[in-house]
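Structures given as structure tokens follow.
Across the two complexes that follow, subunit A remains constant while its partner is subunit B and subsequently subunit C.
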Partner chain A sequence: QTVTVEMLDHLEHLALVDFRDSEGVERLQKAIQFADQLHEVNTDGVEPMDSVLEDRCLYLREDDVTEGNCMKELLKNAREKVEEYFVAPPGNIPLPKLEERDTFLQGF
Partner chain B sequence: LAPWVPVVGLEIHAQISSNSKLFSGSQVQFAAPPNSLVSFFDASVPGTLPVLNRRCVEAAVMTGLALNCSINKKSLFDRKHYFYADLPAGYQITQQRVPIAVNGSLSYSLCIDNKMSQMVTKTVRIKQIQLEQDSGKSLHDDTRSQTLVDLNRAGVGLMEVVMEPDLCCGEEAAAAVRELQLILQTLGSSQAVMAEGQLRVDANVSVHHPGETYGVRTEVKNINSIRFLARAVDYEIQRQIEELENGGTILNETRAFDSKLGCTVPMRDKEGKQDYRFMPEPNLPPLILYDEKSLPANMNHQQVVNIDCIRERLPDLPSVKRAKLVERYGILPEHSFTLLNEDGLAEFFENVVKQTQMKPKKVIGWILKDLLSYLKQHSLTVKESPVSSLLLADLLNLLETKEISSPAAKQVLVELWKGEGKTPLEIVKEKKLELIEDQKELEEICQAVIDGQENEVIMVVLG
Partner chain C sequence: AAVKGALRFQVSAALKEGRVSPTELCQRCLSLIKSTKFLNAYITVVEEIALKQAEESEKRYRRGMPLGALDGIPIAVKDNFNTAGIETTCASNMLKGYISPYNATVVQKLLDQGAVLLGKTNLDEFAMGSGSTDGVFGPVRNPWSYSRQYKEKSVKKSHSEDEESNWVITGGSSGGSAAAVSSFTCFAALGSDTGGSTRNPAAHCGVVGLKPTYGLISRHGLIPLVNSMDVPGILTRCVDDAAVMLGSLAGHDPKDSTTIQDNFKPFELPSLTDVSKLSIGIPKEYHAPGLSSEILALWSKAADLFKNAGAKVIEVSLPHTRYSIVCYHVLCTAEVASNMARFDGLEYGHRSDMNKSTESMYAATRREGFNDVVRGRILSGNYFLLKQNYENYFVKAQKVRRLIADDFVKVFRSGVDILLTPTTLSDAVPYTEFIKEDNRTRSTQDDILTQAANMAGLPAINVPTALSERGLPLGLQFIGRAFQEKQLLTVAKWFEKQVKFPMIQLEEVKRHNCGVFQHQKSASFS
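For the complex of A and B:
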């Protein structure tokens, strides 16, 4: 077992994904194994590349106001609104603890 | 009882003074109709991409240079993930791995024992300065159990200035932040008005015994003014000392400063230690900055940020301005501090000096004692002063040429404050405050006084 139930629970909290069943967990394990193949390459003395854009030029924009003023359009996406504000719950609703969730992870 | 060593580290977020946001073209403005200054990118609508604002880069470089930092010619952008209603993307674009500036310092001054005549210079190290996005604003409506979200502020450019924990008390924290504020305002990289949220300070506080390892630290947020910063830090230091001396422990938590009660309280809605899962921002290549040596020959100058150019264009920083005032006018260092501490006061002082024969060393007394105390009493800024530099200069000239005495000058000043448009000369004539130099006239006045006070004269003559 390369992944632990603690790690899966942690990921579910952080990313609000639901591994749902053993197939979901297996897919994660396979993905980790796939990425681990990178360790077989000798990278001594090689600078890590973290983006294929590393040799591209980062375009700089002039400081002009060119956007905005589309409140009506943006609020069309809101399920609930109050005047011109988006409405959200009073605070983050954290995922319940593992013991309190109805999840397949409990038997993992 | 063993002594306690308090350790204070500040994280300061300064809103960049720019027309548009860090990664989008929507406007930056305080107090606009909700969600009117929001682009599709700011609202995290799928299919939008960040485009970096050149002005924000320049502001960060200016600030880094002013704080003696090394500017990283190559810096990177990262995503910091967390969920909150005012962060529509679910992550903030920041610079966690390689920020734009590192390893600087900020010098500030403190008065020893509250005596301005004894000032000491201290330094706090700057760990780094990074560019990052601001989040939107949440308005909590507890009655209806909901949060209203305004994204006008979402995406505004911020410079986060991270200081090393070199400070030890509220007074040092306040002085350091005040100096940083003056520097930012002088550079124009941020207007740094705390009341408008353009300068936000979080304090990390811990205490330990000398020689032992650092204690557990708490983070204090919701500090809305420099005065409250000093109080919040000192309160938290005391709270931790008392807790530990009573055998308790300090939790690594986030606390909010309650300005009404003058204390810190644990903040709700903070779910333990956050795992932000930093990752490189895949949509932005590295930010490359140039200097005279590395400048490529054929590049479009609009795409180039030249560090040397920016360094040349830096204005005189507050410390340099103070030194110049002291050297040019012969005033004391503490005078120069007060002059720079009030917006427009140094300019006012210099204007008066230009228009009067009175020596600057004498003028400064009138500026700092008479003018400033009046302004403070009536909560006026220098710009709102009913007495202009011209009027004050005229008054001081009358004093210099011995047409009036010093007490008379103070009386004239009281009249000038009324702002009735009269000149000092007119007031002097009206109130007959001219100094009399004619011998005969003086004798007549003295004789009249003596004649009018017969009994007292007899007492004096008898001894």
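For the complex of A and C:
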């Protein structure tokens, strides 16, 4: 089953990366086809494995402040900043809909 | 017998005895890096920093107070490890210009031991790939492409232009690190291993590549690909050196909660003489489609080597091996989709000029910053993580993961100590041939023998074994029980001694020869 334009658009929204061209779309199709092989395996009664260290207790350290106060270092790598703030363009503006976006998917 | 402070690189003896100084060693390596620039193994070379570190080391040696086994030893670090004050790019436009504000724990540990950091090595973008060909700084060339061994075997056509187009890949994604060690520009290098990224280039470049048990070495500061599988990898010219590196790096790190809390004791490798108590397992499923007849024969020869030496060698089965790549494909893309979400241009890295809205800025930044491979994996990962797909793909893959891990548990429980398998399907292919297939296809083919160890979190090591008909390195892999690196490395060392893998004959290395390099009989430094 091929992936619909709506699905591709949805994925571009979620991932905030673009398919760019038909090769990109093809890549996804192939990836899904490939992954479908998993369904050949019988996993009845098998628990999903999150971590190979599942039999161990996760380390919890003492609630002591051991480091921090490195605002200057952290801000160094940001391109846009004002005082101690990272500056972002206005939020709460959704990505334009498919019809209004400049995306490869338009002509799809 | 316990030897006091004996854990050392052989070159450490030379340093201690004053036969060579840390600055000399450093200068020679820097000089060799310059004359092997065509390999494109390094993204960043920190000449001034390295020389300064070497000077400090020299002062310590003069006072008779070296910090440890690694004091003065030139090393290289894959460019996906954070290094304070030094650019860390992951071979991506997304991180060009990003200066790490901190050292990865493994880097810090090496520096604390006095190691001399020469630079950051090239890789596939964000460690995604099996060729070290897909980074923004271009592909890494396998030093063996320029070896006498390879040149002698290649059909001489007309002129040197063929040398240009004939060069072979290093494998990946830690190709830069493998090439750096292989070409003698450093004594050890850090790589990373998620699906075979340390062992694969190690095999192609004729060096030792160790993937430690998941949880043994801290990942703090290693820019993550798949958090549940990533491990820092160690690349050296001999197994003993790998043990020294491991000794300096392993152990619990409070900054990485996925490191185990057990006490780790660095060990010296015994020189095994009696292998009769060993049980070596040969997993039949590793006779994978596409395995070259050369490697098959080599694998068989290795098995016989153990048998003739008195070890028990038996065929075993890891029935779910063939699903490890599919499983990896789903889990990797899913974790990648999550891990790459941090790159939005706000706090670090590339930022697009697009300013209309936060979301459009993020989208533009990510379009501009990531290559096809990375974007492809993010999109696939997001697909598998969709609510309607989560159970069928992500959770399903997690279940298959358990089956794969259980296969190993069963085999080790049946009395097998170590598994012996090939590392790659063939020797290194020419770059022009490699790029005919896309990244995902290649990774699918190339990771098949190495991936399952990451799935199960087990330690595994590539040991250079012999040269192929084309004069290129062939390696074999040993997989051990979780946290049994000592046993794994002991067996690997025994095997290394038996096979006597030849030293690479490189024009550039010969020219930089000095007393210290000259007496090398083996690939290591003795």
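Basically, the second predicted complex is superposed on the first by the 98 of 108 C-alpha atoms of A that agree within 3 Å, B and C clash if a C-alpha of one lies under 4 Å from a C-alpha of the other, contacts with A are read in each partner's own complex, and residues count from 1 in each chain.
We adopt the following convention: a contact is a pair of C-beta atoms (placed from the backbone, for glycine too) under 8 Å apart; a residue touches a chain by one contact, two chains touch by 3 or more.
What you see is a predicted model, and the numbers here were worked out from it, not measured in a lab.
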| item | value |
| --- | --- |
| Which superposed partner A:Leu14 touches (first subunit B, second subunit C, both, neither) | both |
| Which of subunit B and subunit C A:Thr43 touches, first, second, both or neither | second |
| Partner chain(s) touched by A:Ile32 [first = subunit B, second = subunit C, both, neither] | second |
| Partner chain in contact with A:Gly91 - subunit B first, subunit C second, else both or neither | both |
| Which of subunit B and subunit C A:Arg56 touches, first, second, both or neither | both |
| Partner chain in contact with A:Gly24 - subunit B first, subunit C second, else both or neither | second |
| Of subunit C and subunit B, partner touching more subunit A residues | C |
| Subunit B versus subunit C as contact partner of A:Asn69, first or second or both or neither | first |
| Touching both subunit C and subunit B, counted on subunit A across the two superposed complexes | 14, 16, 50-51, 53, 56, 58-61, 70, 74, 77, 86, 88-91, 94 |
| Subunit A-touching residues of subunit B, taken from the complex the two chains share | 18-20, 24-27, 33-41, 43, 45, 51-57, 76, 81, 83-85, 138-142, 145-151, 268-269, 271, 275, 277, 280, 282-288, 302-303, 305 |
| Touch list for subunit A against partner subunit B, complex | 10, 14, 16, 50-51, 53-71, 74-75, 77, 82-92, 94 |
| In the complex with subunit C, residue positions of subunit A that touch it | 3, 7, 11-12, 14-20, 23-24, 27-28, 30-32, 34-35, 37-41, 43, 46-53, 56, 58-61, 70, 73-74, 76-80, 86, 88-91, 93-96 |
| Subunit A-touching residues of subunit C, taken from the complex the two chains share | 98-99, 101-102, 214-215, 228, 252, 254, 257-261, 320, 323, 326-327, 329-330, 333, 337, 344-349, 351, 354-363, 366-367, 370, 372, 375-376, 378-384, 386, 392-393, 395-403, 405, 438, 440, 444, 456-457, 482 |
